[in-house]
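Right after this note come the structures.
Both complexes shown next keep chain A, but they swap its partner, so chain B is in the first and chain C is in the second.
And now, the complex of A and B:
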C-alpha cells in the first residue's frame, strides 16, 4: 500500500518537472489528447534518430584516412583511372551535401551501392544473408525464454533455497562467459569428443527441415546463453518484488495453490523488466551473432559483416551496419509500444525510461 | 512473508538473513563471502603473475622453441606450449596485461566523459538534458559490438583505436545511469536545503551528489570492465582487435581455432583466463550492488 502511493507521488513529481512548460495545457487537455501527442512525439524522435543514424553511416566513409577511393582500392588497384572512376561512382567529386542526398535517395530506394570485393549490390547481399540471421536470432530467443521463465519462477518461489542459489550461481557463470567460448565448448563436446555433430557448416532448408534446424542448433545454443542468464536474473528479481506485495499474500490466504499464484497472479506484473530486456538484448544478440556466425561459418548477415570488415569492403560495411541498426531501432520502438499492453498502469507516463535504465 | 528486494548474493546464505525489513531503502553491509574472496584472489593472482611470473619462471610470451612444440604441462611450461613452442602461461599473462589495460582504460575514459555529462543533464535538466538524451539515443541505436567493429575497421588497428571503439558505445550508458542516479539524489532533502541556502550548482554536484552516486557508478564500472574485456576478445577473435604482433586473449583463441581437435589447450587456456577474470569482476560488482535488483552484467 505505502509502496504504491510513493510510486504514484514520484511519478507525479517527475511529470511535473519534465513537463514544466506544458503543465497548464496538459491539465486542460484530455488523456487521449495527451496520448496522441506523446505518440506523435515519440514517432518524431524515432524519425530523428533514424535520420542521424543514416547521416553517421554516410559520414563513416569519410572517417577513412586520406582519400576513401584510394583506401578502398588498396595498393593493388590504384591506377589513376580506377581511382577516378571510383571517386565518380562514390560521388566523391561532388560536394558533401549533394552527395548525402543522392546517397540517402538511393538508400531509400534500396540501393546501398556495390561491394568492391565481389561486385555484388550490397542490398542483394543483405537480402540473401538476412533470413539465416533472423532465424538464428528467433530460435535463440525462443530457447532463452523457454529456459529462463521456468527457472526464474522456480527460483523466485523458492528464493534463498539451495535450488535458487544453485541456479543463480549457474546463471552468473553463464553471464560471464563470452559467446564464442560457449561455442567452442559446444563444438568440442559435440563435434570433437562425441562426434555426433559437424563442427561447422550450414544446411539450407532444401536439404530437409531436420537437417536445417540441426545445423542451427549449436549456434543458437551459444547465442541463447547470455540472454537466458539475463532474463532469468531480471525476471527473478521482478518476481521476488511482486511476491512481496500484498495482493500476493491475499491470493495465498484465499487458498490459491502456489503454482497457480505464481502463474496467474505474479507473472503479469513482473513481465515489464523482461520485456525491456528482450528489446535491449536484441542489440547484444546482433553483436554476439557476428561472432557466432563466423565461428560456425553460417552464411548470415553477421558473418558477412565480419567478412566485409576484414576485407576492407567499406561500402558493404556501411550498408550492413545501416540495415542492422535500423532493424534494431525499430525493434526497440516496438517493445516500447508493448509496455502499454503489458502494464496499463504505465500508460503514457515517462516512467518506462526508468525501467530501461535499470535493465541497461 | 518478508519482502526481499531483488537479487541477493550469489551463493551467499548470510545475505538473505541480513536483508532487513526495507532493503530497498537501507542496505545492510554484507560480510565478505567465499565468492568475494575467491574473486579478489583471482584478480590479485593475475596481477601478481602478470608482473613477476615471467621473470621468476624465465618464460617469455614470444620466444619460440621448436624443440618443445605443443607439449603438455611440465615443470618449466606450467600450462604447456603452442605449435611454435611458445609458453602458454606466459602468453596468457601477456594477454592479461593488454586485456586489463584495455578494460580499465576504456571504462575510465567513458566514465570520465559520461558521468559528468549525465550529472549535469540530470541536475540542470532543460535543453542540455534534451540534447544529451538525444545523442545518447543515437549512439545506443547502434548495437554495441557492431558499432565497435565498424569503428575498429574505419579507424584501423591499434591499441588506442580499440579503446576508442570500445569506449564510444559504452559512454552513453554511463551518461544514462549517472543521470538517473543524479535525479534520485537531487530530490533528497539535504540537496534541497543546500539549494535554499544558495550553494552554487557546481559544489552541490561535487559535495552532495557525487559521493552519493559513486557506489552505484563503481559497481557499474566494474561490470563494464568485464564487458570491455569481452568486447576486446570478440574484436580480436574476429581479427579486428589488436595488431597481430600484440598478444591478446581473443587473438590467442582465434589462433587456436585450427587446433581445436588436436590440442584444445590452445583455446582452453586463454578462454579460462578471460572467463575467470570477467566472472571475478562481475562478482565484485554484485557485492557493491548489494541487494539491488539484477543490474549486473547488463546487456550492452
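And now, the complex of A and C:
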C-alpha cells in the first residue's frame, strides 16, 4: 500500500516539475523506499522471533513436571474430581497444540489471558511490574556505563601501566563474582553494617524520590557489576586497537593533549563493540534480574517470573516472556540504528553486516 | 639562544636508537648526524628497514621512552628535543615541527570531518575561537589546492581521493606554520601523477613559508627532484650525503651507485636494464661486521668485512661525504668504475635522474 502511494506521488511530481527536480525527487523517494523496506523487514523479523520464542517457551513449560491445577488446589483439596474440573475450567484438558493456538489467537488481539493462580489478567500484572524492572535495568546500565567508560579510557591511555593492571585485576574479580554474591555483600555492608539503605523491599515513588532510589540502589549495583566488567573489557580492547592506528599518531603529532586525543579521537571509532555488548547484555540481564529481584524482594517482572514458573502458572510465564522478548528485540533494533549514528560510514542498510564483521 | 643555534634549524648529533627485542637489541639508527638550515629541504633515502622512519620519529620526539633507547642529540630550533618533557614536546609538535605520514587514509580520522581535524590543529593557539578556526581550516584547504574547500571541509576522509587526503594531511601540518615538516614517504601511497602534484605543493610551501623539510623516501627520483640535499641511509647508518647534484653526479659509496643503477631508465639511446641489488638488508639485531653493505656489495674487499668505514668528504665537493673503503660509481659501465670521484665531466646520470 505504501508502495503505491509513493509511486503515485512520484508520478504527480514528475508531471508537474522540470527534469532537474524530478531526478532529485526520485532519488529521495528511492531512499524513503529503502528505509520503508528496511523497517518492514525488521518488523517481520520481530514477528518471527516472537513466534519462535513463544513456541519454545510453551513447549518447554509443558515438559516441566507438575500440574497447575494440583498446585492451585494444594494437597488438601486435590481430589481427582476437583482437579479434573479445574483442569477443564482452565482449558488444560485440551490438546497441547490447540491450547497453544488458542493462546496465540488471544495474544494477537492483545488478551494475554488470566493468571491461573490469582485470576488477575496477565497484562495487568505486567503493567504493574514492568516499570520496576525497567527502572532497575536502566539504573544498573547507567551505573555500569558511567563506571566502565572512564576506567576503560584511563586503562587504554595508560595501557600496560600499574593503573591499567590494577583496573584489570578489579574487573576480573567483579566479572567472576555472581551477581547474587555481590548482592549479599552489598546487603551486608550497606544495610546490616552501615544501615544506610534498606536490605530489601521497595519504596514506590510516592514515598519520595530519595526513598525510592535508595530502595533500588543496592539491587541496581549488584545488577550493574557484571555488565560493568564486560563493558570495561570490550571498550578497553577496542580503544587499545584504535590507539594503534596511524591517525592517533597523527593526533599526537598535532600536539593535542592526551585527554583530548582520548575523548575526541579514540572514543568514537571504538564505540561499536561496546554498543553491541550493551544490546546483548540487556537481553541476558533478565536472568540476573530474576535472582536480584527475588533477593531484594522487589515487585518486578523477574520476581514475578520466578514465582510464575514455580507455580506452573503457564499463562503468566508466557505473557512475561513475550514482553521481555519484545523489549530485547526493540533494544537491539535501536542498537542497529546507533551504529549508523556512531559511524556514518555504516549506512542504514549495511550497518549490521559491517559491524558484525568488525566485532567478530 | 646563541648564534650557532639560530642559524641551524635542525642539528642531529650521533643519534642512536635501539629497541630491546626478544631476538636481541635492534639498533635501528646508528650514529646518525644531520644538519638542516631554515627553509632547506633534505631528502633521506633508503630501503625499507634502513631506519628512515625511526629516525624521523625520533627527530620529532615521538618515540616512546618505554620502548626505545635513544642516545645522542637532536637540536631543533635551539632546543634539545630529547631532553624535553612530554609536555614541552607536545607544545612543540604542530607549532615548531609537524609531520606528514605515508598513508593519508589511515592518518586521517575516519569519522571526524576533515575541516574539524584541521581546525583542531589551528586551535592549538588558545586565542583562536572555534569559528575562526573553522574559517582558517577552509583557508588552509584552499592553500593546499583543495577545490570547493568550504564544502569539502565537511567531508570525511573516506569521501576524498588519495591525493585530496594527502593535501588535507599537509594542510593539517602547516596549520600552525611550523618551521620544520617531516614527511615520511608522503607520496608512496599515491599514483604517479598525483605524486608529482603533491611534491610540487611541498616545493611551493617550503619556498613561500620558509619551511624546512625532511623528506623520507625510498625513491631516489622523488628525492632528487624535490630536495636540496640528500642523505642515503643503509642499515641505520648514513652511507652518503651531500648536495643532490653532487651525489647524483658522482655517487661515491657503492650502495648509492647500486641504488641508482636499480632505477629503470627510459632514455632510449642506451637500453640499460635496471640492475637490482642482490640480497636483503641485514638483520639489525645481528648486523654484519665492518661495512654493513659488504655482504651485498660487488666491490667488497677484506677491509670492508673487518671495519666500518667513517664518513669522508669528497675532494673538491664540500658537504659531500661518503662512508666506503672502495668508493666509486658503477653507474656508467666504461671507465667510470673504479675511482668515481674527482673532477669528472657532468655525469649522464645526473641529468637523467634529475630530469
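Following the convention adopted for this analysis, the second predicted complex is superposed on the first by the 250 of 360 C-alpha atoms of A that agree within 3 Å, B and C clash if a C-alpha of one lies under 4 Å from a C-alpha of the other, contacts with A are read in each partner's own complex, and residues count from 1 in each chain.
Here is the rule we use: a contact is a pair of C-beta atoms (placed from the backbone, for glycine too) under 8 Å apart; a residue touches a chain by one contact, two chains touch by 3 or more.
These numbers were taken from a predicted model, which means no experiment stands behind them.
Q: Putting chain B and chain C on the same copy of chain A, do they fit or clash?
A: Aligned on chain A, chain B and chain C fit with no clash.
Q: Have a look at where A:150 lands relative to chain B and chain C in the superposition and call it first, second, both or neither.
A: Neither: A:150 stays clear of chain B and chain C.
Q: Let me test your reading of the model: by the given contact rule, A:314 touches which partner, first (chain B), second (chain C), both or neither?
A: In the superposition, A:314 contacts chain B only.
Q: Determine, under the contact definition given at the top, whether A:201 touches first (chain B), second (chain C), both, or neither.
A: In the superposition, A:201 touches no partner, neither chain B nor chain C.
Q: Return first, second, both or neither, reflecting whether A:265 touches chain B, chain C, both chains, or no partner chain.
A: A:265 sits against chain C, while chain B stays out of touch.
Q: Of the partners chain B and chain C, which touch A:254 in the superposed model: first, second, both, neither?
A: A:254 sits against chain C, while chain B stays out of touch.
Q: Which of the two partners, first being chain B and second being chain C, lies in contact with A:291: first, second, both, or neither?
A: first
Q: One more residue to check, A:329. First (chain B), second (chain C), both or neither?
A: The first partner, chain B, only.
Q: Given the superposition on chain A, which partner contacts more residues in chain A: chain B or chain C?
A: In the superposed model, B touches more residues of chain A.
Q: Minimum Cα separation, chain B versus chain C, post-superposition (Å)?
A: Taking the overlay as described at the top, chain B lies 6 Å from chain C at its nearest C-alpha.
Q: Looking at chain A, which of its residues have contacts with both chain B and chain C?
A: Of chain A, residues 160, 245, 249 contact chain B in one complex and chain C in the other.
Q: Looking at the complex, which residues from chain C come into contact with chain A?
A: 60, 62, 66, 90-95, 98-99, 101, 103, 106-112, 120-121, 124, 156, 158, 169, 172
Q: Provide the residue numbers of chain A that touch chain B in the complex, in ascending order.
A: Touch list, chain A to chain B: 13-14, 17-18, 45, 48-50, 52-53, 56, 60, 63-65, 159-160, 165, 168-169, 172-173, 175-178, 180-181, 184, 187-188, 192, 199, 226-227, 229-230, 233-234, 236-238, 240-241, 243-245, 248-249, 273, 277, 280-284, 286-288, 290-291, 294, 305-306, 309-310, 312, 314, 317, 321, 324-325, 328-329, 354, 357-360.
Q: Would you tell me which residues of chain A are touching chain C in their complex?
A: 160, 245-247, 249-257, 264-265, 268-269, 342-345
Q: If you look only at chain B, which of its residues touch chain A in the complex?
A: 1-8, 10-13, 16, 125, 134, 137-138, 140-150, 152-156, 173, 176-177, 180, 183, 187, 226, 230, 233-234, 237-240, 253, 260-261, 264, 267, 271, 274-275, 278-279, 282-283, 286, 293-300
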